[in-house]
Amino acid sequence: MRLVVAVLKPFKLDEVKKALQVLGVAGMTITEAQGFGRQRGHTEVYRGAEYEVDFVPKIRMEVVVSEDMVEPVVDAIVATASTGKIGDGKVWVVPVDAVVRVRTAERGVDAL
Amino acid sequence: MLGTLTPYPNWLNTGDNTWQLVAATLVGLMSIPGLAVLYGGLVQKKWAVNTMLMAFAGFSIVLIVWVLWAFNMAFGHPIGGHGFFGNMVGMPHPIVSHFGEQNRANIPLVSGTGAMPPFHYPTSTLAYFQFVFAAITPLLFLGSVMGRMKFKAWLLLVPLWTTFVYAINAFMLWGGGWFAQQGALDYSGGYVIHLSAGVSGFVAAAIVGPRLKRDRQHGVPNNLLLVAVGAGILWLGWNGFNGGDPYFAGADAAAAVINTNLATAAALLMWVFMDMRFSKQRKPTLLGAVNGMICGLVAITPSAGWVDGYGAIIVGIVASGIVWVAWTYLPRIRPFSKVDDALGVVYTHGIAGLAGGLLLGFLGDPGMVEYLGKGKTASFSVNGLFYTGSWHQVWEQLVAGVWVICFSAVMTAVLCLIVKKVVGGLRMSDEELETGDLAVHDEEVYPPEPFAERVGVLAAASRAAEGTGEDIDDRSKP
Amino acid sequence: MLGTLTPYPNWLNTGDNTWQLVAATLVGLMSIPGLAVLYGGLVQKKWAVNTMLMAFAGFSIVLIVWVLWAFNMAFGHPIGGHGFFGNMVGMPHPIVSHFGEQNRANIPLVSGTGAMPPFHYPTSTLAYFQFVFAAITPLLFLGSVMGRMKFKAWLLLVPLWTTFVYAINAFMLWGGGWFAQQGALDYSGGYVIHLSAGVSGFVAAAIVGPRLKRDRQHGVPNNLLLVAVGAGILWLGWNGFNGGDPYFAGADAAAAVINTNLATAAALLMWVFMDMRFSKQRKPTLLGAVNGMICGLVAITPSAGWVDGYGAIIVGIVASGIVWVAWTYLPRIRPFSKVDDALGVVYTHGIAGLAGGLLLGFLGDPGMVEYLGKGKTASFSVNGLFYTGSWHQVWEQLVAGVWVICFSAVMTAVLCLIVKKVVGGLRMSDEELETGDLAVHDEEVYPPEPFAERVGVLAAASRAAEGTGEDIDDRSKP
Amino acid sequence: MLGTLTPYPNWLNTGDNTWQLVAATLVGLMSIPGLAVLYGGLVQKKWAVNTMLMAFAGFSIVLIVWVLWAFNMAFGHPIGGHGFFGNMVGMPHPIVSHFGEQNRANIPLVSGTGAMPPFHYPTSTLAYFQFVFAAITPLLFLGSVMGRMKFKAWLLLVPLWTTFVYAINAFMLWGGGWFAQQGALDYSGGYVIHLSAGVSGFVAAAIVGPRLKRDRQHGVPNNLLLVAVGAGILWLGWNGFNGGDPYFAGADAAAAVINTNLATAAALLMWVFMDMRFSKQRKPTLLGAVNGMICGLVAITPSAGWVDGYGAIIVGIVASGIVWVAWTYLPRIRPFSKVDDALGVVYTHGIAGLAGGLLLGFLGDPGMVEYLGKGKTASFSVNGLFYTGSWHQVWEQLVAGVWVICFSAVMTAVLCLIVKKVVGGLRMSDEELETGDLAVHDEEVYPPEPFAERVGVLAAASRAAEGTGEDIDDRSKP
Amino acid sequence: MRLVVAVLKPFKLDEVKKALQVLGVAGMTITEAQGFGRQRGHTEVYRGAEYEVDFVPKIRMEVVVSEDMVEPVVDAIVATASTGKIGDGKVWVVPVDAVVRVRTAERGVDAL
Amino acid sequence: MRLVVAVLKPFKLDEVKKALQVLGVAGMTITEAQGFGRQRGHTEVYRGAEYEVDFVPKIRMEVVVSEDMVEPVVDAIVATASTGKIGDGKVWVVPVDAVVRVRTAERGVDAL
């Protein structure tokens, strides 16, 4: 089991979600995030004073998948979320020891 | 052509007509948007839409009821007969024909008897002015029952309550009915409006049952800026509320305005002082200030043009102090500990209204002239205990107060039970109670921005950063 | 010293002057902050600043245009000549000299001919009163074109539109021009303001093109509390809108006020009823109630002081029902399915305004007197079909309505094309469209709190928890 | 019965009384909720509650002070003696007895001498009208000191400042005191209110010390919709501010209203133009538009009914341009770079007020009549340099302006030091400064929804999805 | 050391927190999240137009625990957070190389 | 490759960000979080009623780094974010199997 974490541009969420559903991914968890990297932030101006906003809004997606799904899932995310422009984001994969479905206490792949 | 057209009949005074229409508009603004957003900001986020919709709909219903029958129940000819029951309510009758709207205003048992000077404007003006008072009253007690009452039940309770509670109390105190005949007084509605709303809300809250336990525990307001918007409109709108009630743009209207503000300022400061001195946190709070402000506005309402400025300041301080203590300690004892009066209407309107009504009996200054007498006629003013040593006015105020409490409580209970029967329950379903606005109206007060919308900033920003090349990166290498 | 100074000339009536100034102020409040925050709350978060800035700027521009030339185009001496074209528009002329501001108000073809009584206040009062109407009109149709129109294009379109559309329609119906001479009537602007704004907004929206697809799909409002603030100010502000239009604080002003409220209450309840009964969700909604409210306000505008209360209630119910149906079904067919009228102005203002204008022809109650006649002179009132059996007024209303639709549509199209040429396009760049306020104004409606600010709470709290020692921990060990 | 009751004394004019009461209510609304939410939306989230509570409390305190002694210091009989010091302030005296409230209004050195016509309403009306001006003034300079001043210090500074700064300036310019006797003029408070508030706020800010460095750096507004609400109420409320100052509902009141709007519209557009043309970003901004708007309102205040419409437009453009430049460049030089005038009150009120006061000397149009003369009496109007070639009025304006600046600065400094002594420091503790509202009032402006409340949506939704079975799943298998 | 991540219904937070405190867990970190899975979202209607909201609000809890606490913690979460209805959420466990307490720079179990 | 997760006091973000940039860290992802631990929450009072807020606002920072950067990064975070007061937060390190840059599909250290 692996946890795939993807930090992406928010407007790509729908497309990525659909691509993962096609692969059979049944669920995912999203958090709002602020990214810092090569992509620049912006400036806001209130009453003549400038305020730099370094961070750019991102969504952070977590999907727990079985081993054999890691590659297809990562590939699907990268393929769908890429616009070719700076700031498209990162995907990383983390090992998972165990997964449990709270409702049923099922464990492992059954829990997904 | 028609060279001799004239703009208005000669009984019409443009200043009085203007004052009354503007005062009415100010009072209307107190409901919509005033109370709607005051309550909308004070309730939990999950109930803001529901509360506001009930306010807008309630306001609308009262107007229809008012012009079709209730205005004349409150201010028309008595239904006939002698004694208490013959002077309890007026004959229902619409006022929306062309004659009904444009003829000269008259309250048969008051201006019709010479107990006050004849009006200088048409019935539309008087009826609209009185409507905004009738409309705000159920909106006030909405604060007691918000967060669980069925919308349909509200749609039915409001017209019934206006007809069978409000119109009757109004006739008895303002329309020249029984209590008015005994000498009880209520300048602009400390009893007819606030005491009645406070009691009725409390009773209705008891019958409808409490909000979800979770809602009572986590019932934090959602937006104090909007509370300030509503509170500010209430305060200044009250210039129309009390300033309009002499029915003429005279000297007493001006005195009522300044007295209203004096009591309010004093009450606000008093509550802030109590919070700083006696609350557990010993800190001044904005919502405390707003509570104090409302106490002052409510408490001066029964006496605004009949006390002088000193009296007004005393009314504000005393009422605010009493309500502060009640607000702090009564919730520990029954029935206050049991009934879920969501926004505490029974305190800031009920108790403050009663306190103000009784204080008139003590503080009414005979030198404050509402209408001037001519020749041998005495001017109209009020004789408070502190000026005359007579308990008469105190007694009249007490009797009328007891009546308003008992009658409003009993009638509201009866009407709630009728509505329950007709609509099939007063409460929302559990699912609706848990979810709030989204379940009941499919709306949220601050609809969430879809994820997709958050891209905008990026689009612009990344374009700016990219320039021409690909890996322009002036930040990652230090 | 100067013992004989007097405060005003003897043609001035302080009540009328006050009423007109207050009515104007109420109508001004309907725009700023009323419409500004109603629209600001209804649009997506990303366009709130842009929408509000366009409202504030548009309001400002109209005033300058109005006093320098447009007021006299709408209410001055006819430009001369006979027939339709000679009675189409007034002679442009400023009114801001000291004489222009302080002399007695007059509308040459109306009060000047005795078709109404002479005014009791100066030109400033009349001009300012009429300005607030002129100003709200482009602000209304801002709702059609928000979210994509260039700010510069707006700065130019507004003065052109006020000059070449608004002033002309106003002259023809209110300034004593052609349609007024034929007998067409518009109490306070169902045609001149609402129908024209609805049609013009629709045409402009078609020419400017739709918003981004993403914006249309995700265009949820951002704040329903602010919608309530704006809606409430609109409702009560309309007391000035319609109450001010007899030009005197007389009995008809009062009737217009109560009728306005009656139609509005009925229309609001009607829309809520339709939502509960016929919408897919069968649920009442706050934004539905606001839509209904606006329909009522708009629809009663052409007839407020010329129908009685029954008529007003009918106007509200019928207009709200019609617009509800139109709002639900028309978007499925062309051209409504194609044109992105962002806030649906063509329905709630265009269709409601037209419905109201036509209904006057049916419901005008001859017993409703706007100005009283003296001696052998007849009073001024309106003869609706239902009272007289005559189709005359219906026909006049129809003809004028058709004119306003066609003229506003064509002229708006021409003006849009001119502005497009001059400014170099009516639409923002793609980048601006994607990002919204932040790209166009470097501002956001709810500027985000920087992370650094969130420490405050901690500072206090951790200090409190630390006490003296280091590992005080009364929670981690159960 | 009492057939001969009359509603008001014969010196009372209902139109004037109504106008004055309504104007006062509009000005009151400018403070509460106007300024309270304008500032509440403009300050950082962490200070919104504190700022609004200070506004509500300050408003309340001024009223008590005003009726008990300060009104007569500003508008009563001079304290006695000759020359400057004898004409510096009125004799303190309460006005809240029944006679004080209901007798005919009089300003001994003004209406009492025939320098203006006698009033048509009671003292309550005049005192309340003047109160709302007195109350808004400290609220304006709250914008300079927000975000660090102790609440208790504020509670003490406000009454002292009203007594020892406001009342004295008001007497000298409006109460018939020294500068009025020399011929200096201030229509509605460009000097007495705005210049004085700007200077006093600046001085107080210097003495209280700056906000936390972090707050100055990250001090973004929290809600531009509420800024728009406040700004809109300010604009239209100013119709009462300037329209009320002839003290009669006459032709000059109307002219003052339209001129106020003209200057404001011009100033708003000017600031937007400057932003688009000369700011670093070359973009129009909503907060820039609001700044420009305020400059226009403030700058026309000293001259609203004494310039014609052209003059008003010039006032708006010039003042807005000057303040734009000052706002952009002055913060770079001392003392402006050092003093933390949080919302920039010294620019939009101080500099704009001074500019407006001086411009009156140039632009005062002798043809603008405030009060009409009868017989051999000249009408009252103002002779500007551009009309008469005389520098007299400019000089008077300059002298009075210098006085207001110096006196307000010195007195405010003295009062701040007194308050510091009495209260034990003007600044909050560091902990309070870091945490803001939560530390000072235990309240937040947008109280966070507890996690537990977010379940509601789920409850409904999951129930809907579950149906009867357990693993109904129409989405997971594609 | 392990990181236990739990995605739960928000109203269960208090109960779960208390259950973990009973086990001796001294701290945890919560983020607001949006979940997508079997549980359906809802529809909002503004001015007659329907907007589908696919995601349901969840809270995401992170607790770093020593090896021997993993099972009791996971069991406690599952036992407390389960309502038996779709959407109760998931728990997953991720290996942790190191933990540091920022205040003291302590490492390992001492840092918890 | 490792994922360093740090839960910190929000006002330390800027300093920590700068310290990491000095080390050559090119990007990071931030989420808002609520912490529960030794540090106490606060009480809010609305209309006389007290509401306990148990949680304190934190920011949660994620940085994916190569093996050799783990120690310097953790040390820099701890050194910069520490105020010595309760509630400074925690840092933990999690193994990462793979990282991908969405824009280019680069993998491993190149993706950072």
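Per-chain residue numbering starts at 1, and chain names A, B, C, D, E and F are given in the order in which the chains are listed.
The definition used in the following text is that contacts are C-beta pairs under 8 Å (C-beta built on N, C-alpha and C of every residue); 3 or more make two chains touch, one makes a residue touch a chain.
The model shown is predicted, which means the values in this text are computed figures rather than measured ones.
Common neighbours of chain A and chain C, by the contact definition above: B, D, E, F. Annotation of chain E and chain F: jointly contacted by A, B, C, D, touch as defined at the top. Comparing chain pairs B-D and A-B, the larger number of C-beta contacts belongs to B-D. Put simply, the C-alpha centre of chain B and that of chain F have 51 angstrom between them. With centres set at the average Cα position, the gap from chain D to chain F is 46 Å. In this assembly, the C-alpha centroid of chain A lies 18 Å from the C-alpha centroid of chain E.
Among the residues of chain C, those touching two or more other chains are numbered 13-16, 18, 22, 214, 218, 220-221, 223, 229, 281, 283, 285, 287, 438, 442-444, 447-448, 450, 452-453, 455, 457, 460, 463, 473, 475-476. Within chain F, residues 11, 26-27, 30-32, 37-38, 42-46, 51, 85-87, 94-95 each touch two or more of the remaining chains. Chain contacts here are complete: no pair of chains fails to touch.
Against chain F, the residues of chain B that register as touching in their complex are 42, 218-221, 279-281, 283, 285, 287-288, 291, 327-328, 344, 473, 475-478. Across the complex, chain A is touched by residues 2, 6-8, 31-38, 54-55, 58, 60, 70, 74, 77-78, 81-95 of chain E. In the complex of the two chains, the chain A residues touching chain C come out as 11, 42-46, 51, 53. For chain E in complex with chain F, the touching residues are 1, 3, 17, 26-32, 64, 94-103, 105, 111-112. In the complex of the two chains, the chain B residues touching chain E come out as 214, 438, 442-444, 447-448, 450.
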